[in-house]
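Every chain is named by a letter (A, B, C and D) in the order it is written, and numbering of its residues begins at 1.
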Amino acid sequence: MSVLAGKELRIVGFLCNWCSYGGADTAGVARATQPTDLRIVRVPCSGRIDPLFILRALLHGADGVLVSGCHPGDCHYAEGNYYARRRLEILKQFLPVLGIDPRRFEYTWISASEGQRWQLAVTKFTQQIHELGAAPAFENAEKLIQIADMALTALRPLGTGQHAALADLKKAIVEKLPELDCVIGWQQSYDAAHSAPLFMRKPEDVEKLVWGPLNVNNLATYLPQYKGKKVGIVVKGCDSRSVTQLLQEGLINRDDVVVFSMPCEGTLDMARINQALGAYQHIDKVAYDEAGVSITADGKEHRFCMVEYAQGKCYSCATPGAVLADVRLGTPTPVTGTPATPPELALLDSMSLSERFAFWHTQMERCIRCYACRNACPMCVCRDYCVAESRDPHWLTQEDTATEKFFFQTIHALHLAGRCTGCGECQRACPVGIPILALRQQIARAVAQTFEGYRPGMNAKATPPLMGFTVEENNIKEKDWNK
Amino acid sequence: MSIVYYPGCSAAGTSSDYEKSTQAVCDALGMSFTPLPDWNCCGSTPAHATSTELSAALSVRNLDIAAKMGAEKVATPCPSCLSNLRLAKKRMEKPEFRARVDELLDEASSAELPQTYSVMQLIYEKYGSEFVAHRVQRPLKGLKVACYYGCLMSRPADIMADFGHPENPQVMESLLRACGAEVVEFPLKTECCGASHGIPERQLTANLSGKILETAQNMGIDALVAACPLCQMNLDLRQKQAGKAMGKEFALPVFYYTQMMGMAFGIKLSALGLNKLVVSPEPVLKKWQAALKEGVCE
Amino acid sequence: MITRYFPADALTKVVASLADERRVLIPVTQPAVKKSVIFAPFSAGMTVELHKASVAPKEAVLPQCETLLTYSKQKDAEDPSKVNLVLDDKPQAQPTIVFGCRPCDARGFAVLDRPYLDGPFIDPYYQARRKQLIVITQTCPSVGTTCFCHWVGSGPNSTTGSDIMLTAIDGGYVLEAVTEKGEALLAGMKLEDGAPFMDKAKTARGTVEAQLAPAPDLTQAQEKIAARFNDNTFWEEQTAQCLSCGACTYMCPTCYCFNITDEGDGVCKAGRRLRTWDTCMSPLFTREASGHNARMSKAQRMKNRISHKFSTYPENWGGEFSCNGCGRCINNCPVNLDIRAIVLAAINEKGA
Amino acid sequence: MRIGVFICHCGSNIGGTVDCAKVAALAATFPDVVYATDPMYTCAEPGQAAIEEAIKNYQLDGVVVASCSPRMHEPTFRRTVERAGLNRYMFEMANIREHVSWIGKDIEANTNKAAELVKMAVAKLRNNKALHAASFDVNKKVLVIGGGVAGIQAALDCAEGGIPVVLVEREATIGGKMAKLDKTFPTVDCSACILGPKMVDVAQSPNITTYAYSEIESISGYVGNFTVTIRKKTTYVDWSKCTGCGACTEKCPSKKTPDAFNEVTGLTTAITIAFPQAIPKKAVINAQHCKKLLTGKCGVCAKTCPTGAINYEMKDELVTETVGAIVAATGYDLVDWTQYEQYGGGRYPDVITSLQYERLLSASGPTGGHIVRPSDGKEPKNVVFIQCVGSRDRSIGRPYCSGFCCMYTAKQAVLTKDHMPDSQSYVFYMDIRANGKLYDEFQRRAVEEYGTEYIRGRVSKIYPDGKGHLIVKGADTLLGQAVEVEADLVVLAVGVEAAKGAARLAEKLRISYDSYGFFMESHVKLKPVETNTAGVYLAGVCQGVKDIPASVAQGSAAAAKVLSLFSKDKLQSDPQISQVDIKRCIACGKCVQTCPFGAIELFDFRGQQKARVIETVCQGCGLCTATCPQGAIQLAHFTDNQILAEVDALCQC
């Protein structure tokens, strides 16, 4: 049983019980004729509507979703619709990057007495969906492969940080070590071309500390596990934003963390480097110079200059020096200009909605649901109780369809809305190289446009935008059904 | 900050005394205005009575010349010109109105038209009462005066917002107090004197001006101080008609505030056009000079 | 056993001919900024290139998500309270060839055979697929930096788990059957005999063998790692950098743990019982219904993973390690955790 | 699970455009549905009996009724299933009337939509759990904020009902604005005579503890268990010793203190007792005008006080009270009328407010009831009253009518004639609002018997004519001409707004208020004395403009609400609230941060921090459930799984 073929489309309505559901009742009592497509799901408050309900509907066969709550200021629960207004606005700006037409989702405010306004809204919205026609099914999207052009101009000189004050850093760490449980840094892993996180507890551990473009891991992801213990951490600019965001959300205590920082000159994109190196058995030597690194593998030397092989995020990095630090070494590097659109997002911007749908379907088919993207993310603190693998609530099935995997990516992206600092670890950790960072970058762009240029992790005192509200919103305009 | 001066038609005619004293006071304060070349009448009451587009076109032509000269502000002594020039600029914000006005002009007016200010407001804002007091050489000791703005100076409230409370402006009071005069709070200072009804409805103006003069006289003041050519004419020139209408004998000199300020700045009385006043200012001048000689302090 | 030869340019044609009656899984490169090679069915128009796959061909016998059974509830028309359940639990399998995997992949099938087929309970779903599988393994042309197959009893030319060995020589490929199944397949292929090329093949195999650095002695691994069981500080230090994601286990040719869940349709009128890959590195692996979790910390989980591969599996299944030394868990680890380092540390370091 | 489905015809309201039988047949095919029928009127007696019958016969665990809006009959049907032994939350409704049958005539589409809504309801019901209301004990004690007539009435009624009352009044005496009135309309009986005895009752009632000259510092807790901190402002007089003899007020040298009680119509001493019938009749020192406190020199009152009650070092004191309910009766203040420059903006001494005129009329006022002009002390002949000053005026943001000004002006005009037989009163008005009992008759008497001249028109300007009179210029719209009155005294009927600080108090009470500061009632027509916050009630003008009889009535109404709340020993909390799954919670604190009611707290559970919901404070909005990333907190009856089931029922099959 489903909608009447040819006459109706699948439109889901989420209405708050106190105002809009009452408004729909008033319209009914007034016998106001309305199209029958829309089926109403009643919720206590528009604040109860998790944007993921809407994505769940849109990705599983809904052609359109309409949300309606009390007018801001009239909420029966005082603040429910203030939070809803921000979350739904960010969701609406998130849909295009997924390949879903934003006109398939609208949110509006209708009070219990506004029967005509409900009739107008449901009629206009149903018309709007019929003009768009049935929504394309994600499972049937055809194949499309596109690759982002990673080379961009950086906002500040990229280098290998060889003349950074590594010795001073080591001395500073040894000094602080006795009062700390451990200090987290980087060390060389199984060969000179790979680094790994280092947990320094004794002075001799500190000797292994390295600093350079191979320090790709964001060490802030380990901090929540050490809550309650005193711990030190060496940070690049992007890592410091993650530390600040953890502080903003109270997931770590400021006086338990000692932050060591040196100005970062960019990190290498190991995926592209391994691509260029191809199969090799042994790394003979890794030599650094001002502009890049030359790696000798199986006797053959390969030259990688930073300008061409840095990670995407390093080009548009505006905080090479740490945003927050207790021990700050080296001279801060000047940053000029405003960040250009990150490469992965620029690729998606260049595509049409249907192309993006196809692009993501092809990418998601390769996903093996290993959740490295989630576990590498410093902001993902739900750790063992992620909704991706739970039965109560049962958001995701264990089926390996592209839709389920794509739905997890939207869950992760929306859970990070206004919190993701763009450190790029999710994409770097993905073993099959799916460019999932673009989804988070689109939300970061929407958050910046909607909340006066807000960027997460820049100010430890700031409240993440979706965790608060203002009564008057400058950049969120109410839907005008008369236009 | 170039300010263009727009004298207005009456400056050359009926209120030449207001014009002379305004120029004198501005020179004394070192306030330089560049005169607006090839200016035309702002349309005054008849124009906006017939068609708002015509009235706006007349005013906009002046503002356009000023804009093309690169002027940021236009100064004018006359409240009627002030209100027309400001109203025109406000109405030009609507695109369809602007289009109709531009049709009447030789060429389309510039997008950004300068804002108009009364000379009194510019003096007060630029110099403030302390500086004016500092310039005073012969304070208006012994003179008890009341200020009369007329009904246009501070209205309509949304366009004249920067001039003070529409019912109770205080700019002229503070300037005259700075000049040493004893200023009485005159409750009818923004009531209408009858304006241009003096011609078609003589009796109406007589009543309205009569009431103003009667209340002013009851307050025992030496002189009424006005800032508008038309109000000054109704109160001074038509004082006898008003007296007849009220059945009272009025002998209340009506000065322009610039004349009073000129006197305080020590400018030669002849340069202030006092001779043009119908109700003789002599008793006020004698009382003032007497007070100055004896160094009488209140 | 019989041998065959075909020139290099005939590679795609040979695979195409195999693909007529069977599904042929070949390593297919997925273009991306970070390329990955995944075994995918051959279809017309593809050109075959033999690269080492990022993900093991385990999919051929143990798919990431397979339907164990489907159920639907039919209601009795007259009495809605009467419901009968229709079940269908027939295993689905199709004849498949894995073409061009590496010895460290093929050995994975052998490792999986033991628990699924040789144990007390034979898994019918696995068995159905395993029976119809033929493995054509390419002897390892180049050894990677993270390869350590020769540490664990395998090698670049190991034939364990393979039916036919394919060796690239200049100008062509030599096929050598190692099992009856392989021989039967080769016999049916109209290719020239491979005997004249065998010595060339042997030299090619030898050259790769020589590249290998000497392997450490892991014979004591089983006991030494078992002895490490209570040394918690050791495991905590070794696992400090692990993020407990699932990349290593899902890429591994020899991880065979799975999870079973029932997934219904919108209103649970019908549904499916799914078997999906599980990862022992995730806390959910040992979380019981009560919420108690035997292995709460990632150190315990890592201990279990290393011990299983190098101690308990050999103990249960006659001494063979259940790690093929393919190095995929090292390549794909987001924090570059090296299993070799842990094993060596467990064996050599003194300590409890 | 065994579900019964009832598709209601609602006569022809639904049956007319929905094939109910077909929907029932389709419903029978949904999973777990074991019984489906289509009764004619489900909400009627037979309909409900049929449901109870079916529950017994088919051992149903859940019921779905497809009929009208749940906002209408959900409570009815919940009681029905409860009577049959089912938990009332094992019940769902599908709205196939207002949202289906009444919005279109297309029978095929309506029937299909009705079936789908039933399928959604069944899908949700299959995830419902039985919910049980928690009960908690009630602290049967009430706090009344504001000692005006409404507050006094509420306090007395509650005390009468045996409930201990804590009455907090900001001024030094209770009585509020009514105590300042001389006479009251329409009976012209003396305000002090009818209010005084009630004030004395308050003082003498054993159940009422009065905190005068005190304000609410903070309020926490929930219905049945509020904790209130009260700030006893320092009076510099120890009220336990002060007998109210007034000796200090005679001797105090600082005679130029503005008399706040008399609306500054006169001056008084720094230490005062507001008015003779003040309750409590205790002295208070005005710190801004007391020489001793300002300069350290004086101390006359300390010397003269027979009981040594004066204490210059006395500080504010914070007192805590625990109560079960709160009645807000904070009354009103006059609009700041000095923004009307055309009425002199406060510069003309002879232009006074109606409240100041009330003090001039009052025998206990500064002039002993003798009406004089503040400027020269002479008796005025022409008294002009101007109505709607600061009411019905959109330009200053006060578009509403203040309700009682027309009536008190008529009364003041009558009293003016009484006091000064040869005086002449004029009233400039727009419309006379006299809609109470005996009101219009009283106003007619002011016109016909007392010769008050009513001029229908607005006043454009008041100005001194220089000879001691005030010229009141206005229009007379009935005669169609301008009019001027030479007035000796002008009384402005100033509009009313919420008492100063009402907004801040509303935030402490967690109730909402409108842009004028009036508190927001739960429903303007049906629940005028309740608010959206359980346990907080309203009385008097703080809820909106009203006259004394209405304020007294609301005082009693609020008291009735409190008494009914306290009639039960235990209070039931609404079970449709959030619950935390301790296992899943990682104490990230997001729910605590977003909960509008502060109903979630972090607590220590075996060494780990976990979130916990305070059942009685949670209102069931579900914001926390939408905020918690790992779904650790779920709003009962609207859990993620229930809503997902509805969405999946629509989108997936």
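Methods note: a residue touches a chain if its C-beta (ideal position, glycine included) is under 8 Å from a C-beta of that chain, and two chains touch if they have at least 3 such contacts.
Predicted, not measured: the structure shown is a model, and the values here were computed from it.
When the C-beta pairs in contact are tallied for C-D and for A-C, the bigger tally goes to A-C. Put simply, the chain closest to the centre of the protein, by Cα centroids, is A. Ranked by separation of Cα centres from chain A, the top chain is B.
Work out the mean CA point of chain A and of chain B, and you get 65 Å between them.
Centroid to centroid, with C-alpha atoms defining each point, chain C and chain D lie 72 Å apart.
Taking each chain's centre as the average of its CA atoms, chain B and chain C sit 97 Å apart. A separation of 33 Å divides the Cα centre of chain A from that of chain C. Residue numbers of chain D whose C-beta contacts span two or more other chains: 119, 583, 648, 650-653. The touch graph of the protein chains shown belongs to none of the named shapes.
In this structure, the chains touch in the following pairs: A-C, A-D, B-D, C-D. Chain contact summary for the complex, chain B toward chain D: residues 165-168, 185, 187-188, 191, 215-220. Against chain D, in their complex, chain A makes its touches with residues 1-4, 7-8, 10, 12, 17, 21-22, 24-25, 27-29, 31-36, 39-45, 47-50, 53, 56-57, 60-62, 76-80, 83, 87, 249-251, 381-383, 385-387, 390, 392-395, 415, 467. Chain contact summary for the complex, chain D toward chain C: residues 2, 28-31, 33-36, 58, 119, 122-123, 126, 583, 645, 648-653. Those residues of chain D that touch chain A in the complex are listed here as 26, 69-72, 95, 97-100, 102-104, 106, 108-110, 112-113, 115-117, 119-120, 510, 512, 532, 576, 581, 583-584, 586, 588-590, 593-594, 596-597, 619-623, 625-627, 629-632, 634-635, 638-641, 643-644, 646-648, 650-653.
Contacts from chain C toward chain D in the complex involve residues 73, 75, 80-81, 265-269, 291.
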